[in-house]
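After this come two complexes, each holding chain A, first together with chain B and then together with chain C.
Coming up: the complex of A and B.
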C-alpha cells in the first residue's frame, strides 16, 4: 500500500470536524465535572438558581468549594425552553404548511421563485435582528393589545419570534417534498373527480407526511437552541415557573448568555462550572432532537425507495 | 371538451360543500403565506427606516463612547473577526469537502458527515461557552480576537465542508477520468480540474459562511468581549467589538441616540447578510440555466 500525501492531508483537514466536536463535548464534561458532583439530580428538578453569597467565605461541601448558600437548579429554564418552543411549533406549523401548499400549488411557476426566495430569506436574518424587531415592534404590540398586565416581554413574545424564525425551515422542507410528488399521483386524484384542494389535502399531503414531521423536528431543534432573539424579548424571568402566556421566562440558551457577568464574579468558579453543565444539558437535548429529525428523514427516503 | 357537456350537470349539495371547503382552504393557505412573508417585510422596513435615518459620516469615523458615538470600532471588529475566522475555516472546510467528495464513500466518510451534521445542529451558545472555558479561561487569552475567530470558524466549517462536497459532486466523473487518462496526479486533478469546475459552488459556500459569521452574536459574547476602542493589533489579551453586540445592548438603553446606533448596526449587518444571500441565489439560479 502506498502512502498518498494528498489524500492524507485532506483527510487530516476533514478530521478537524470530528475533533472539534469531541473537544467541545470533552471540555464541557471535564469542566462541569465538579458541578455535576455537587448538584446531582437536583440540577434538573430544582427551580432555584442561587449563586450564593459571593462575598462571604466559600464553604466546602463533599470536598468541593462553593459560595455559601449556592444552589443551582435549571427546571425553570427547561420549562421555559419547552414552553416557548412548543408554542412556537404550534404557531409555525399551520402557517408554514399553508404557505408551502399555496407556493407549491396555487402560485404560477413564474412568481414562485420570488416568493420562495422571500421565505428562504427569513431564515438568514440574524437572530439578533429578530430580537431588535421584537423589542421595537412586537413587544409594544403585545403590551398594548394583548397583555392584561401591560407587560409585553415574556413567553408569548419569545414564542412568536421563535415561530417566525423556524417557519422557513418547515415551509421549505414541505415545499421541496410537495414539488417532488409524482405527477401520476396528482393526476389520478384529479381523475377521480377530486377538487384541487382535495388533491392536495388527501392525495399529496399523506405522501409527504414523514418529511413534514422531519422538518418540524428539525425546526424544534433550532428553536430549542435559539439564543439572542429569545434573550431580548423573553423578559429574563428566573426562579419562578411561567404560569401564563405573559410571564417572563428564560430559556436554557438565553440564560447562559444572561449569566456571564455574575458568573465571572464568583471566586470559587463554581457558577462558571454550573453554567458549563447547563450548556452540556442544552447540547444533549438538541443532539437528541436533531438525531430524531435525521432518523425521520432517512425513514422518509426508505419509504420513497420502496415505492 | 366532451360532446355531452352542453348542459352543465346539476351540482349536489355535497359537491357544493366540497367546492366551498376547497375555496376556504385556498384562502386560508394564502393568508398563511401572507402571515409568513409580512413580518420579513416589516423587519426589513423597520430596520431600514430607522437605520438609514441614523446614518451619518460620524457613524463610520468615530468609535462608540458609552452608549453613543459612532460605530467605527464595531465595524472594524466585525470585519477582523470575519476575516480571521474565514482564514482559519476556509482551508479546513474546503479540504474536508474535497475529502468527503472524492474519498468519502466509505464508513469513515459517513461518520465524518454525521458528526459534521451534529456540529451544525449544536446551538452556537454551546460553542461559545466551550471557547470561553478553553480559550478565555484555561489558556488565559482573555476576551480576544483569536478566541472569537476560532469559535466562528468551528461554527462555519461544517457548512463549508458540506457545500464544497455538494459542489464537487456536481462535476461529472468523465472530467476526472479525462484528467487521470492524461496522466495527471490526484492533486492536479483536484486543483486544476475539479475545483475550477466547482468554483462557483465553493465561492457560494464561502460567501454564505461569511454571512453567518457577520450575523452571529451568541458565541461572541463569551469570546470577543467588548471595547470602545479600535484594534491595537493584538490577537489575544485584547477584547474586540462587533456590530451585533451594539444591536442587543444599545436597544436596551433608554435614550434615542443609542437606539439609533442599534438600528444603524442592524441595518449594516442585515445589508451584508441579505446582499450575500440574494446575490448567491440569483447567481446559482443563473449558472443552473447555463
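Coming up: the complex of A and C.
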C-alpha cells in the first residue's frame, strides 16, 4: 500500500469538521448533565424561569446543589421562538415568491443581475443592523399606529425583523431554480394558449416546489437561531406566554445571551448548566429543521421524480 | 442558462455557500462547474497576496521585537474585565494612570459583572469589576477573594408621562407596579403619594433589564428592603424572575432602557445615573423616591453623598454590604459601591505589587472629581477609603 500524502492531509482536514460538531454536542450533553437530572421533563413544559437567590446559601435537592428557589422552565422561550419564526415565514414567503417571480419573468435580462444582486445583498447585512433599524423605525411605528397598549416591542417587531432577514434567502434560492426551468416547458405552455400567469403558476412553480420548500426550511433554520436582532426588539418576555402580536417574547437564543452573565455569578454553577441545557434544546430543534430540509431536498417529496 | 452565468461573482459565491451548507439541493443549480472555475482563479491570486502579506508581517514582527528589547523596564501587564457600568470609568482611570506611570500596561474590557467575578475567581484576569459584592457562599468557597469598593454609583427611576414632571414614588408602589398589582397610573396608591398631580388613567408599562445587570441588583435590593412581599418572594439579584406583567417589557443595557422608555409613553424604567443626561434629553422625568426616613428625595450629589456617609461607619472590614435604603433624613435610597473583585493571593509578588499600586491610585487620585464627574460617580467617604486601602494591602 502506498502512502498518499495529499489524500492523508485532506482527510485529516476534513475530519476536523465532524470532530468539532461532535465535540460541541458532547460538551453540551456532559456539561448540562446535572441540570438535565435536576430539571427532568418539567424543563420544557414549565413556564417559570427563576435563577433562585444567588446570594443565599445553596440547597441540596436529590444530591445536587442548587441556588435556593431555583426553577428552570423554558416553555415560554420555546413558544416565543416557534411563534416568531412561524410568523416571520408567513410574512417572508409571499414576499420572496413574488420577488423571485418578478425577477425571473417580468424584468429584462439586462437589469436582472443588478436587482438580484440587491436581493442577495440584504442577506449579508449584519443582524445588529436589522436590530438597530427595528429599534429606531419599526418599534416606534408599531407603538404609535398598531399597538393597543402603546408598546412597540414584542412578537410582531421580532417577526418582521426576522422576515426581512430571511426573505433574500428564500428569494435567491427560488430565483435560481426558476432560471433553471427548461425553456421548452415554458414555451410549450405558452403554445398551448396559457396566459403568463398560468405559465408561472402551472408550468413553472410545480417544477421548483422542492427548492422552494428547501429554501423555506433553510430560512427557518436562520430564524430559529437568530440572536442579536431579536434580543433588541423582542421585549424580553419572561414567565409569561405571548397572548397577542404585541406581547413581549423571548427566543431561546436571545434568552441564553441575556441570562449568561448573571448565571456566571452562581456559586453552584447550576445556572450555567441549565443554560447549556437550553442551548441543547435549541440545537435539537435546529437539527430537526435541517434534517427535514435534507429529507425534502433529497427527493422524498420531489414531484419530478414521480413516474 | 446564459443569464445565470452572467450573474455577479459575489452573488455566486454567496449562493455557493448556501448550497454547500445544505447539500442535496446543488443539483438544481447545474451551472455550477463553470462558476466554480472563477472561484478557483480568485483563490490563486488570493494565496499570492497572502504570502506577500505574511512576509511583511514577519518583517514588522522582527522590528517590533528589536525595539521591544530597548524598553526592558515594562511593568507586569494587568487585565481588568467586568461591569459595563464601571468600564467607562476604568478607561478614564487607565489613561490618567498611564500618564503618571508610563511603564504601566493595563487592558480593560467590558464583559458584565458576572463574567468579571467568574474570571477573577478562576485567575483568568487580575481585576474583576462588579456592581455587586461577592455572596457569602462564594466567599466561603474562595476565602482569598476580596470585594473592594472603588467609587459610589446611583440609579434614577425614570418615567415617561406626558405633562408630568414631579412624580413621587415609593418602594411598595414600585414593587406593586413590577408585580402587576398596580396597573394604572391613576391607581389610589400612586394618587395618595402625589396629591394635586393629575395622573392619567393609562396602563403602566414597566421596563426592566433583559441582561444581567448591577442596576437590576440595586433596584431589586431597594424593593426587597422597602417592601416585605418582594423581599420574601422575588428577592434580589443581577437578574431576577420578573413576575408576569402583561405588557411589561425588557430592554438591553442602560442605553436600551432609555430608548425603550422614550419610545413607550406611560412607561417606567430604572436607569443608572451615568445615563442621567441621555434620559433627560429623551424627555424622561426622574422620580422622587421615598427613603427610610419617609422623605421623598431626588438623586442629586447631596442626597447620594448623604446616603454614602450615613453607612460609612457601619461598613464592615470586608466591605461586603448593601448601602441601599440607608438611614438619613435626605439620603437617596438607591446607592451602590462599585467593586473591584481581586484575589488576595497572587501568583507572583510583582503582579500583586502592580495591582496594589493601581488600585491605591484609583481610590485616591482616581477618586478625583475630574474623573468621577464625567460618569456621574461619587468619591468614597474617608472611612470607606481607609477600609479599601486596608483590603488592597492584603493583596500579596
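Going forward, the second predicted complex is superposed on the first by the 298 of 307 C-alpha atoms of A that agree within 3 Å, B and C clash if a C-alpha of one lies under 4 Å from a C-alpha of the other, contacts with A are read in each partner's own complex, and residues count from 1 in each chain.
Keep in mind that, in the parts below, contacts are C-beta pairs under 8 Å (C-beta built on N, C-alpha and C of every residue); 3 or more make two chains touch, one makes a residue touch a chain.
Please read all numbers here as calculations on a predicted model, not as lab measurements.
Visitor: So in the superposed three-chain picture, is A:31 touching just chain B, just chain C, both, or none of them (first/second/both/neither)?
Guide: first
Visitor: Touch test for A:20: chain B only (first), chain C only (second), both, or neither?
Guide: Only chain B is touched by A:20; chain C is not.
Visitor: Figure out whether A:167 sits in contact with chain B (first) or chain C (second), or with both, or with neither.
Guide: Once the two structures are laid over each other on A, A:167 reaches chain B alone.
Visitor: Between chain B and chain C, whom does A:113 touch in the aligned arrangement: first, second, both, or neither?
Guide: both
Visitor: Return first, second, both or neither, reflecting whether A:195 touches chain B, chain C, both chains, or no partner chain.
Guide: Only chain B is touched by A:195; chain C is not.
Visitor: First (chain B), second (chain C), both or neither: which does A:83 touch?
Guide: Neither chain B nor chain C is touched by A:83.
Visitor: May I ask you to decide whether A:231 touches chain B, chain C, both, or neither, giving the answer as first, second, both or neither?
Guide: So A:231 meets both chain B and chain C here.
Visitor: Is A:6 in contact with chain B, with chain C, with both, or with neither (first, second, both, neither)?
Guide: first
Visitor: Just chain B (first), just chain C (second), both, or neither: which does A:97 touch?
Guide: first
Visitor: Residues on chain A in contact with chain B in one complex and with chain C in the other?
Guide: Of chain A, residues 113, 117, 120, 124, 135, 231-232, 257, 260, 290, 294 contact chain B in one complex and chain C in the other.
Visitor: Tell me, which parts of chain A touch chain C in their complex?
Guide: Those residues of chain A that touch chain C are 48-51, 53-58, 69, 71, 109, 112-113, 116-117, 120, 123-124, 135, 139-140, 143, 149-154, 169, 172-173, 176-177, 179-180, 208, 210-211, 214, 218, 231-232, 235-240, 243, 246-248, 250, 257-265, 267-268, 290, 293-294, 297-298.
Visitor: For the complex, which residues does chain C have touching chain A?
Guide: Those in contact with chain A are residues 1, 3-4, 6-8, 10-11, 14-15, 18, 21-25, 28-31, 111-115, 117-118, 132, 135-138, 141, 202-203, 205, 208, 210-212, 235-252, 256, 259-260, 263-266.
Visitor: Once bound in the complex, which stretches of chain A touch chain B?
Guide: My answer: residues 4, 6-7, 9-18, 20-21, 23-24, 27-28, 31, 94-99, 101-103, 106, 113, 115, 117-122, 124-133, 135-137, 164, 167-168, 171, 195-198, 200-201, 221, 224-228, 231-232, 253, 256-257, 260, 272, 275-276, 279, 282-283, 286-287, 290, 294.
Visitor: What residues on chain B touch chain A, complex-wise?
Guide: On the chain B side, the touching residues are 18-19, 21-23, 25-26, 28-33, 35-37, 39-40, 42-43, 46-47, 50, 91-92, 95-96, 98-100, 102-104, 111-112, 114-119, 121-127, 129-130, 133-134, 137, 154, 157-158, 161, 185-187, 190, 211, 214-218, 221-222, 244, 247-248, 251-252, 262-263, 266, 269-270, 273-274, 277-278, 281, 285.
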